[in-house]
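Take a look at this one; I'll ask things after.
Chain naming follows the written order as A, B, C and D, and within any one chain the residues start at number 1.
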Amino acid sequence: MTASRIIVTGGTFDKQYDAIKGELTFGSTHLPAILEQARSTIPIAIEVNQLIDSLHMTAEDRVRVLEACRAAPEQAIVVIHGTDTMAETARVVGEAKLGKVIVFTGAMIPYAVQGSDALFNLGFALASAQTLAAGVYVAMNARIFAWDKVRKDKVDGVFVPGP
Amino acid sequence: MTASRIIVTGGTFDKQYDAIKGELTFGSTHLPAILEQARSTIPIAIEVNQLIDSLHMTAEDRVRVLEACRAAPEQAIVVIHGTDTMAETARVVGEAKLGKVIVFTGAMIPYAVQGSDALFNLGFALASAQTLAAGVYVAMNARIFAWDKVRKDKVDGVFVPGP
Amino acid sequence: MTASRIIVTGGTFDKQYDAIKGELTFGSTHLPAILEQARSTIPIAIEVNQLIDSLHMTAEDRVRVLEACRAAPEQAIVVIHGTDTMAETARVVGEAKLGKVIVFTGAMIPYAVQGSDALFNLGFALASAQTLAAGVYVAMNARIFAWDKVRKDKVDGVFVPGP
Amino acid sequence: MTASRIIVTGGTFDKQYDAIKGELTFGSTHLPAILEQARSTIPIAIEVNQLIDSLHMTAEDRVRVLEACRAAPEQAIVVIHGTDTMAETARVVGEAKLGKVIVFTGAMIPYAVQGSDALFNLGFALASAQTLAAGVYVAMNARIFAWDKVRKDKVDGVFVPGP
C-alpha cells in the first residue's frame, strides 16, 4: 500500500457547469468525491495547488507545481493538469530530478460531463504512480510517456510520442 | 506502448439493466464503449470468456479463465471478474505461474449505474498490467494485492490483505 | 402555480444499487434530489407512503395509496408507482372518485441507472397533474391514459390502451 | 394520444462538449436520443429550426421560430429554446395568436452535463402541450407561465412572474 498525493491544478478534468453564467468554470475540486466513488482504501492526500485552465498557466504557475511536488512527503504523486500545456509543466518538474514518481494526467472531457475520461485517467495515473520507477511521466490515452518524450496532438486531441 | 488484452468474465462490472425483466442481467460487454470513453490509443484486445456472476463460477469456469490467460499472445492482461470469487480465480491463475502480468479487477457498482467504480478500476488495472513485474494480482480499491495475499471483506465490500 | 403532492410507493423508479448485497433495493427516496435537479420553484410536498416492488403490493397496500390521496390537502397529486401493477392501483383510486387530479407514473429503468426514463416521466406527470381535469390517470411513454382505459404490455414494456 | 412537434432552436438544453475545442458547442440535436430514453410511444416530429445560443438570436431568428410554429401541422408544439431570451421569442409567437398550444422550454444545465434539468423539462413541456388550451406558454421550474406574464430572473436563474 503506497501513500499517494494528488496535486490538483484544475484543467478540463475539474471544470463544472455554472448554470447562472452558462459556462464551464472552476468551483471546488471533484477529487474527494471521485476517490469516494473509486472506493479507495489507501491514504491519498489531496492538495489544491491552483484551479486554472492550463492555457493560462505562467512560468510562475508551473514553478508552483514543481514546489508542491518537492514539498510532498509522499513518494507517489499524481498531478491533475490541463492537457494543453501538461507536457510543458511535466518538463519543468522532470528537469528538477526530484527522485519521486510523479505522474501527470488530466481529461479531455470534464468529470461532470457525460462520457468523461476523468475517472479512467485518474485510476490509470494512480496505479502508475504506485508502480513506476522514480521519474516524471504523462499518463493519458491508456498510455504512459516519459516527460521528455511526449506532446499533445491538438488536432486529434491525443498524446503522442514527441517532441 | 504495451499491447494488452482484457479478458471479460462478467461480474458486477458488466451488468446492465433489463427494463422488461426489471433486473440486472448480462447483455453484451460494455468494454468496447468504455475503452472509447477512455480515449485509449494503445492496442487492446477484448475477449469475452464468459459473462456470469462470479458466485456461480465453477472450478471448470475458473480453468477457462486460466486457459484464456495462457493462450493470450500479450504479456499484459486484465481480467474483469466478479468480486465475490475474484480471489479464488486469481489463485487458480497465480498457481499456474504463466510468466505474464495478469491483473484481476471488477466493480462494486455496475458501469451502467450512477456512482460506479468500473471506469476507475479499469484504468487502475490497465496501468498495473503495463507496469508490474510478471505475476498475478488483484487491483481493487486503488490498491494492488498479490494473488495469494488478498481476500474480499464481504461485510464492508472492500479487498483487504488476506487470507 | 399549483401546489402539488408526490406520493411515493417505490417501484423501479426509486430503486438503488446496494453494493454490498449486489442488487437493486429500496433505500430512501430519490425524490427530494430529483426535484432539486428539476429546479422546481413550486411548492411540492413529498410523502413516502411505502417503498415496495409493485408486484408485491397487496389489496391493503393499494388502499393505503387511496387513503393517502384522500387525505392530501392538494388538488394535484402524482403517485410514483411500480409499473407492473400501476393500472390496478389506479383502478382502486379511480373508482373512489375523489374529485382531485391524480396522475400515476413510474419508470422502466431506475433513476440511478444510465438511460433512465424517471426524470422525464416525473416532469410529464407533474405537468399533467397541474393541467388535467379532476380524475385519475396513468402517464407513461409520453402519453396520458384514463385509469380505466390502460394496461401494461409486459412483453414490450409499454403502456397501451386497455383493458 | 396527441401528435406533437418539437421545434429545436438550440440553447443550453442541446449543447455538447467539444473535446478538441474544449468548450460547449452545438453539434447535432440530442432530441431523438432523449425521446428514445423517455420511451415515448406517441408520434412526435422533431424539427431543427436553428442551433444557436439564445443570446445571439436576432429578430429575424425569432420570426423563423414563429414561421415554424405556423407551418406545423400539429396542434401541440414544444419549442426548445435558450433560457436567456425565451420570454422574448414566446412574446413574438404569442402575439401572432396561432390558435395552437405552443410551450417553450429549455434547460439551465445541458442534457450532456451531470445534474441536467433537460429531461424533466422536456417531459413537463410535452405534457403541457398535450393538455393546455390553445395559447403560448413558458414551462420551466416545474411551472407553467402564460407568454405575457413571465421573465427570467437572471440572478437566481429561475423564471418568475413578469414582466
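Here is the rule we use: a contact is a pair of C-beta atoms (placed from the backbone, for glycine too) under 8 Å apart; a residue touches a chain by one contact, two chains touch by 3 or more.
Source: prediction; values computed, not measured.
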*Looking at the contacts, which chains touch subunit B and subunit C alike?*
none
*What chains, if any, are shared contacts of subunit A and subunit B?*
none
*asked:* On a C-alpha centroid basis, what's the spacing between subunit A and subunit D, in Å?
replied: 38
_Whole-Å gap between the CA centroids of subunit B and subunit D_ = 44
*Could you put a whole-Å number on the gap between the CA centroids of subunit C and subunit D?*
25
*So which bits of subunit A are touching at least two other chains?*
108, 115, 157
*Which of line, ring, star, complete and other names the graph you get from chains that touch?*
ring
*Spell out all pairs of chains that touch, sorted by label.*
A-B, A-D, B-C, C-D
*Across the complex, what residues on subunit A touch subunit B?*
1, 34-35, 37-42, 44, 108, 115-117, 119-128, 130-132, 139-144, 157-160
*Contact residues on subunit C for subunit B in the complex?*
12, 17, 19-20, 22-24, 84, 108-110, 112-115, 154-157
